[in-house]
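Taking it in order: structure first as structure tokens, then the write-up.
Chain nomenclature is as follows: A, B, C and D, assigned in order of appearance, with residue numbering initiated at 1 for each chain independently.
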Amino acid sequence: MFIQLLFGLSALLTVGCAIAVAVTKNIMHSCVFLLGSLLGIAGLYATLGADFVAVTQIMVYVGGVVILMLFAVMLTGGKDFVSRAQNLLGLAPAMGNKWTFSVGLLVGLVVILTNVKLIMNIAKAYPAKVIGNDFPSTVSQIGHLLVKEHVLAFELSSVLLLGALVGAAIIARPRKQG
Amino acid sequence: MMSLVSYLIISLILFIVGLVVIIARKNIVAILLGIELILNAAALNFVAYSRYVTNNLDGHVFSLFIIVIAAAESAIGLAIVIRFFQIKETIHIDEATQLRN
Amino acid sequence: MEYTVGNIAPIILSPVIAFVINAFFGSKLPRKGDWLATLSIFISFIFSARVFGDFVFGNFATDYFIHKTFTWFDLSYGANIWKVDMGIYIDNMTAIMLTMVSGVAFLIHLFSTWYMDHDEKHGRFFTFLPLFTSAMLGMVISDNLFSLFCFWEIMGFCSYSLIGIYVKKEKAGDASLKAFMTTRVGDVFLLLGIVALWMTLGSVAYVDIYAAIAEGKFAGQTVMGISLATFTALCIFLGAMGKSAQFPLHVWLPDAMMGPTPGSALIHAATMVTAGVWISLRMYPLMVLGDITWFIAVIGAITAFGAATVAMVQTDIKAVLAYSTLSQLGYMIIGVGVGSYNAAFMHVITHAVFKACLFLSAGSIIHSVHEQEMPKLGGLRKYMPYTHFAMMACTLAIAGIPFFSGFVSKDRILGDALYFGFMAGQNPLLAIVPILGFAGAGLTAFYMFRMMFLTFYGENRMGHHDSHGDHHGHGDHHGHEIHHEHLDARQNVPLLILSVFTLGVWFAGSLTGQGIVKVFGSKTEWFKILVEAPKVERFVNHPRESFGSTDARVKAELPKAVYVHQTGYAGPNPDEHKIHSAHVIGAILSIIIAFTGVFIAFLMYIKKSINPLASKFPGFTTTLENKYYFDNFYIDVIIKKGLLGLNRFLSWFDMGIFDRFAVDGWAAVNRVLFKASKWFDNVVVDAIGVDGTGVAVNLFNLVLRIVQSGKIQFYFIMLIVVLASYIWTVNI
Amino acid sequence: MNQTIVSYLSQYEFYDSLLCLFGNNEGLLAFVIYLLVALIIIGFSATVGGLGTYAERKISADLQARMGPNRVGPYGLLQFLADGVKMLTKEDIMPFTADKFLFYLAPMLALVGVFATLAVLPWSNGFMMADLNVGIFYLIAISSLVGVSVFLGGYASNSKWSMLGGMRGASQIISYEIPVTLSILAITLLAGGMSFGTILSHQEGTIINWFIFHNPFAFLAFFIYAIGALAETNRAPFDLPEAESELVSGYHTEYTGLRFGFFALAEYIEVFVVCGVGAALFLGGGNLPFNIQIDIIPLQLVQVVIFITKALLLYYVVIWVRWTLPRLRVDQLMSICWKYLTPMAILNLVGCAIWLVVFNGKSMADLVFGSH
């Protein structure tokens, strides 16, 4: 029962906050709703028995990415900009207008149509099966996977993180003017 | 209530919302938010498949790598945004049409 | 008996820890951390000595070994086994070598704390010295070629850093670069050999290679047209040539003397250069299988003799020692080549001891009188009695005077070479190996005693070179009044300890100590019992042990080492009787030759009844002084002539052939084509093509302007739409 | 399977009678138990947080040779209640230009982040709300909500002081998370698991089995953790986000009444939580300093008392440090974290790993007194 409840609440939080990210006018609020959505996804991970992934999700996104986003919004002013460049749909404000949203929804509709087909096929291929509520600890298994089968990807991701660290520091550092 | 398809539908909704955000918003930071949503939709799919289909933990490992890549991407992306803001004094995506200057 | 990580790792790790601490915090420690480096080496010595005691006094069977592995990383996926194992391989040879390396290194560290005192590079020197030692120890204890190669490269890097430690001296920088580049040539081949082995055998552990040899896995395998065994053996030996400075890759070693003298003692005399000999010994079964032992012997003989001739005319005391190192390495390589397995290894050990001592003595002289040109020295015997004593003992050893260690090992190598060259039924041209070997032995005695006589005997020629004495900082002595030895324990104790070990009894003695040790033909020499060429059959299907598993074999159940009457000769066509007679002849010959060399040196430099060589054969001497023009050859011929000549040829080809025929001919053809195209242009292209294209581009542009807007979101939309339509159509 | 308070209680007989009382509806009973325990813990924590303010004032008064609060109740003990009533009755002011949504959200987020950590705090071997497999990791992760709330509070107030305080707070919390996590990782390595149950069970027995005495690296890790935890909870000498002399009151300058109370309560409870975690990770948690095997309920209560005692002792040290050391500058704060604590924590982690390999997982005490 708890898991069903957790699933329902998490799904609601995820979807609701995600939609709020899309529709809210304030970019700062968008960031905070993104935080809610990501927490909801962590909850969904928990219902899938992925305890380690769930906590990593909270750790990385809440502790890192969202705060980074908030900083970026603040450093770039967070106010609305109007483009000086011509667009097909004319001048669009930074947070979009009804035209941009209509285009977005149209494309979204295309993707939905595509995916509905895929999901229906998947539902046929993997009919709903009952899976018990036993959640064995995944931590040690993930540890073994990371240093055995996926060791190359593991090492590469460490190189990637180092590269991102150095790259971000170099790109964002203040340069001499003139 | 809980089955593979329900997770797929949630993930699809997340994906669509991310897509709409990416297409409809003109603020680069907002677009990065949309990218995070899409990445998370993919990661959720991996974990769901790993529980309901493959019965091993490779999907978890993949979603961990997705989290790593998302972190790296947002770090680099936001660095670029800040740099872009320093140069153009705006973060409107339609201003970013040239590869130089 | 228990070999765990806990009691093996300190051998390698304690110097590494000292390196790390000194590298980061050395400048903040008292005395720049030299005590830490010395202490760390002492710790490894203690642990090595424990292995030594286990193996040597444990009297295990000669072929007893400990091989423990752990998986470093495992990338196996499904049926593809791709696993990298690391581990330790300890047999008698390893035990002896570990103790020698750590012991000599400890004494050298101790000496260096005196020598490098107040030197500006004190800290950096004591950072790299322990790292270097640990790499050498790691190389010795490695169980496979891959980790051996890793340690090998660390050593290369350390020697690069130590040669060029005085970064402000241009010559030091050049010398370090030269050493690095020259050894790199060999290392590339070594890596090639290792990779070839890995590709074909799937493993590079010694035991696997031995087992593969025994099982005949090499048969029929070829690499680039030559058999795999020959190819890999040759590649590995080329690597060994680079590290052990064999002809023609020897040019770096004499220049490597730019570093501080104790560094040279450790790196370029006692330990690192023996790495090449070590790998040749370890891979000896492969060398035999690949049938390149004759090549090894010839290379060794050329090096041994050539370097000895050059050493005769050098005036710098360190240069003489450098060339003598080259020459002695040549003897070791001869030993490997002719199959004198345990004598070659014994020469590694004896040479390490006396050469370290020689270099330390030279360092002692240089540091005390600030002069290293022999013509400007002389009569130092009175002032530096301890140094004189140590250096004389080592000179006697290296010259091959009986009762000293050098005689024991070199004589055995030469005896085996004699058998190999004349009696083993080899190609008669290979007789050059013993001939050059014996000639080199005589020259060795000559030039070493020349060095002794010029340095320690005769009148003091320091004269008025007081400019050297002053930057020592003491105002109370002048150049022509050489100060006596300061009698610092850190200076003299290492010298005396090392000189004690130049006595032959330590190496030729018996372990059980029955009566007075017999030096000549002793039946129970411990080296002969403990070291022999690996018997490859023993390694087939040998079980693997991992760290943590207890040793299945109990000490008491192990077979004891039993002395079987063996000659120590592992080369082709052994005939015990003939080998024995060859040894007797070799011993007599080498004694005669050695004493002749000493006598000639005595006549030349003490009695002065014979003129030195220089006056008689000026051309020959100049050749020697220029080291056979090897450096000039590499620079002038290969780089200048070769590359420039190639340039000139290419330029001629470009101007003469390519320009005349291709370019001009093409122009002529073009002229014809031009006329045709002019007509075509006017009629077809201009009317239809150009104007038509303009119209088409205009039309196309209308579309492209919309599509190529630079708006990333528009691209994204198109991407999504295309992907979606793809998915919709392919019917997944 | 995760151990929880329900699964702990279910091994006793009275659980079955309780189950009968709820008509054999296990889910309902579990819900009730969780609710009760959560209420108890939150009530207790809130009391500790409130008493924290009292203790802070009393101890600071003691250190400065003053009397401190002494009017309300015996020894002024009820001062915190009076303060609470005052906060409740004050006017809730919102700045005119504030971002209303975020202004409301921030204090809640702080309180949620702190209360969520209480779910895994190990009060004793058995009395844990939930002994997650990823317990300590979860605690670190969820407590970073506080960082977000500090930043949002600073941003939403639309005031320069709040903004500076919020930025300082966020960057400080993110930065100090690294050494803290690394030093906790060293302990995780020693225990071989991230759940508090595993960590505590490794520290059973005498005092020498506590992880702080396991090896020199763990000993050092405790101090890295302590310093980092001080900075993460914005306590002096790292209280830059609310530095009174520069920023008035930092990120909660504009907050009044209950919302300010939320921030203050969150801070004091978080201090208690990090002290509790420090006690559990390094000082044996609820384990007595001598060898008793405990598995009955009264002794579990003894363990709870011991755990709280240890945590409060650390709490006292935190307050003591606050009134002893002067505040750092921003650049000093960052250089301490990145140049000293982080490299030390990394070396510690590597050192712990090497220790485990070389000594086969034995602690110093095992090496000295022989393993058992």
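A few remarks follow.
Operating definition for what follows: a contact is a pair of C-beta atoms (placed from the backbone, for glycine too) under 8 Å apart; a residue touches a chain by one contact, two chains touch by 3 or more.
Bear in mind that the values here come from a model prediction, so they are computed numbers and not experimental data.
In terms of Cα centroid distance from the overall Cα mean, chain C ranks first.
Comparing the centres of all chains, each the average of its CA atoms, the largest separation from subunit D belongs to C.
One simple way to say how far apart two chains are is to compare their mean CA positions; for subunit B and subunit D this gives 33 Å.
Note on chain placement: the centre of subunit A and the centre of subunit B lie 5 Å apart, centres being C-alpha means. Distance from the subunit C centre to the subunit D centre is 59 Å, each centre being the mean of its Cα atoms. Look at where the CA atoms of subunit A average out and do the same for subunit D: the two points lie 29 Å apart. With touch defined as above, residues shared between interfaces to two or more other chains in subunit C number as follows: 709, 711, 717, 720.
Along subunit A, residues 52, 56, 64, 71, 87, 103, 107, 111, 138, 149 each make contact with two or more other chains. The residues of subunit D never reach two or more other chains; the list is empty.
Across the assembly, chains come into contact as A-B, A-C, A-D, B-C, C-D. By the touch criterion stated above, subunit C contacts subunit B in their complex at residues 709-713, 716-717, 720.
Listing the residues of subunit B that touch subunit C in their complex gives 19, 22-23, 31, 93-94, 96-98. Every residue of subunit A that touches subunit D in the complex is listed here, in rising order: 1-2, 26, 28-29, 32, 35, 51-52, 55-56, 58-59, 62-64, 66-67, 70-71, 74, 134-139.
Partner subunit D is touched in their complex by these residues of subunit C: 5-6, 9.
Those residues of subunit B whose C-beta lies close enough to touch subunit A in the complex are 1-10, 12-27, 29-30, 32-34, 36-37, 40, 43-44, 47-48, 50-53, 57-58, 60-61, 63-65, 67-76, 78-83, 85-86, 90-92, 94-95, 97.
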